[in-house]
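Have a look at this one before I ask anything.
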């Protein structure tokens, strides 16, 4: 980090779009407040349009910011991290304070564009999707709240703001999953999502606290030595990512065999795993599909669930310095990506398939980050690249699924079929998305997946590469499966027969996303985000990576075509008998939910909660009640004094005064 | 202490006596109006006391008179408010007997 | 002692003379001054003051009642009393004897203590006020430095007397009458006091002697410009109301309440109430004359030297008498000309009109004082 | 002995007698009259203490305002049972004991205190004017703030009294 950008920021000569970037999160917040406090109570019908308008303003502003940023620091050169709009928010102690502000660097700008674009398109799509819903106003208000929180998270310059927005994102996700609050399954799904992520957030909080503590303790020394630039605060990313800080922390004695840098980062990784639904904390994401489909597209595919990935990417220098957490991340990512892909092959609910697919792709991203190292940061670029492209095609898939569900009134792919003719625009866009996620050139998924595989291979993680390649075959298979079952063949139900194309307000976002799904991969991402420019500067197709990957994708597609084109029930049953009991296990999602349930019921409820509750009810409450009883008894005896007689009081007062005078006289006077 | 000349102690004792009469009235009266009368005696005696003390300790200093002015204003305010409370009370109750007004009994 | 008598005679003569000498001490001052020399002389001056006041009271009562009857008669195209004395001048005296010799009735369930106290309270209030009125440089019993405040304050005694008298009579007409009178007097007291304050503001003093002297340059009615005129008008209206005279005589409207708070009174006590009423009128008129019309100052017009010299020859007592008499005539004129107001009209007049008017007027007066634009031209 | 001393004793006796009558009279209206007497004596005390202006104010406010107001209130609300306010002997004795002991205690303290001698007098040409200046002076020793506060208080009291005594605030809904 050179001194120049800081001087630029201080002299206030940055372009307006960067100086005023704080407007980007605040615009949706304004929309939330305006909608929630004014428009909704007034029952104004154009609330959705207003909500979308605020997000559109954010989108335009963030695009302007991207243009301004890369105008100042052209692609391929060094990209500094700027902080604008900083205010001192929470002064805790002298030397320990937390600020608010907007952090501008390529990573946050990437997320900014993704969040704003997808959020705006989802807003647009929702205007059509939710047109007849009585809770429309509430929906859009929550959507604005979510957008605000997510943007605040992305732009956070320190861990605390990130944490606050992280929880806000969780809260709005909770609200939106439980949007149909009269449906018991939605309510329990929202509770499940909230509790599971809260559980993981405990790790995040602990990690945050320990990092902030380390920062607080080490900052004065580092500043005195001139190792870090002045003006940093304890939880600032700029400090946490600073090599001098890593050195200082690694110099401290390790704890339980882990360095003091790894420990908090592992805790942070736990939070990230919860939010990004990594194994074994993934159980909330499939259930979260109870929310409205656009919500799934926005929150549970493109934005919120990538917050974990973003966190790791944000602190990547720290992770790279610690190494151990990255290995864990790689393992976790690989495991989740394979595991979820396998389950996805067996599900019949279109949204669940997409949800497991999301899990799998998130695992992919984490895997990519995990294989990156300080001296070989290609994985970092690749993970974020995949995050970028995945956001578009996965939200496209969800929105397409939403259109289909809207038309068919069912989530079950076996009740669809033959939609190719009835919903041509949806079909085209869905097909583009399926091909993009399958990784066929020249669509977006191909390039990002290519980068990931390359990163794994070149980083020397052969096992991980193998798993990734396997998943590269599985992904096209299950995606093609749902595509073929839902769109191909003939209609399998009455509603599917009567399905028709969605209105333009819904198809336009689909087509826009389809366009993005095609083009997003053509960006030379390494020039924008790359950490080591010498190594990853050459962008292009690496045939040693691309050929096996494309072959795997084609294999998956072919298998799906073989099994699901026309009436192929016999072949499927043969395959199922080949798998034997394993098929049942897969179908039941490896019984992870049941294991958790057992753990929660037997261990937590019976073993921990019940004794604590007993203690609380008898001992703690007993003490409180005893105090209450005592004071009541005392009060009851004292009420005898309170006769309600004015003159009685006057007499007591007089007598008391005289007693005081006498007492004081004896005490002080004497003579 | 002799009868003449009249000094601080004479004034103090006079005011004390007046105050004690007021006190007696305050403690014995049953009617709210009677209480008010007694309180007026007490306030007045206090005001006289302040004026007398300042006058005798520091002749010509106006603080005593000024505070007595405030006393009088306060007493007027108090009476007005007391009557404002008393009149509706007396209308809504069978009598203005304060010993019957014990709704706040614990 | 002989010297004292001679001085008195000289003083009486002197008071009628034309000398404009306001360095003359008041009777109270003379008494205080004499206290050092001989207690007897001091006692003489005090006695003279008391006796003079009582005599003036009696004389005023008699003459004012006569005047009222004559004027009322003239307004009603009658002759009024003509038989007793020259043109009926002794009629009031005869009536007084009649009243004193009448049976003294007290209602059966009356609160006797209060019943007997009430008239004396009223009259003593009047008496205390009367001693403060400067009739001439010499006939001035006491010049309190809080004179104006004192006069308003002792006016309260008569309110107390009226209320207690009405209540003690144990008669609903009396009670109603006294309540009305009380409410009316308290209400109008406000604008009355505010109009007095205008003059206090101009003079910077509460002492009536100083107020008269301050009008050497010109009467406040003229020198005070608009605020003083408004204050004068308000003062006349409010004191009419304070006097319970028509058109504000609801408290004793005979068609409604027999005779108001003194219905049950007879004989001497009735005479006292009656006397107090007329004295009150005199005090109001005298106060107005003192405050606004220069008191015993002669009428001067700037630039007319000869005219002013001639005016100077008229003695101060006569000037005071003329001004007060004129105002008393106005009060009587009002009484026999206007119809009676209703109670709501009466209260509305005060609270909605006179009081805001006098408040604004006081502010305007303060403005006039601040800008220093008063004190030019007009009769002096 | 100063010339004012006999007046002190005269009015002191009068005041005490009237105060006793005021608190002991069974008849409220008479008690009010006695109260007016006590207050009148207060005015006399002020005159003795060279505070003529205060005496005037005392007469104006207490006798002209407060006493009249009290009489009005009694007349407006006379309840038959309280025209005779006769406290029970127990109550009387208790109150007597309390007030007497208060008086005794305070007298004891007053008598055993060494009161300082008077400071030299501050001459005032026109005390009323000086008081007015003090009252409206915002600076050192000025009482403008208390004056304003008490003005606001009086305004509030006036509004409160009007509100409380408004027709319909007491009759329709009993306070209990």
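Going in written order, the chains are labelled A, B, C and D, and every chain counts its residues from 1.
One rule holds for everything that comes next: a residue touches a chain if its C-beta (ideal position, glycine included) is under 8 Å from a C-beta of that chain, and two chains touch if they have at least 3 such contacts.
Source: prediction; values computed, not measured.
Listed here as common contacts of chain A and chain C: D.
In whole angstrom, the spacing between the mean C-alpha positions of chain C and chain D is 29. Chain C has its Cα centroid 34 Å from the Cα centroid of chain B. Rounded to whole angstrom, the centroid-to-centroid distance between chain A and chain D, based on C-alpha atoms, equals 76 Å. Annotation: 5 Å between the Cα-based centres of chain B and chain D.
Across the assembly, chain A contributes residues 647, 651, 654 that each touch 2 or more other chains. Contact of a single residue of chain D with at least two other chains is seen at positions 53, 57-58, 65, 91, 94-95, 98, 102. Residue numbers of chain C whose C-beta contacts span two or more other chains: none are found. Taken as a contact graph, the chains fit none of the simple arrangements: neither line, ring, star nor complete graph. Here the chains touching each other pair up as A-B, A-D, B-D, C-D.
Residues 638-647, 650-651, 654 of chain A are the ones touching chain B in the complex.
Contact residues on chain B toward chain D in their complex (touch as defined above): 1, 3-10, 12-14, 16-31, 33-34, 36-38, 40-41, 44-45, 47-48, 51-52, 55-62, 64-66, 68-70, 72-77, 79-81, 83-97, 103. Listed in rising order, the residues of chain B touching chain A in the complex are 23, 26-29, 35, 98-99, 101-106.
Within the complex formed with chain B, the chain D residues making contact are 1-2, 4-5, 8-9, 12, 15-16, 19-20, 22-24, 28, 31-32, 35, 38-39, 42, 45-46, 49-51, 53-54, 57-58, 61-62, 65-66, 69-70, 73-74, 76-77, 79, 81-82, 85, 87, 91-92, 94-96, 98-100, 102-103, 106-107, 110-111, 115-116, 118-124, 127, 130-131, 134-135, 143, 146, 150, 153-154, 157-158, 160-165, 169-171, 173-176. The touching residues of chain A, counted against chain D in their complex, run 647, 651, 654-655, 658, 661-662.
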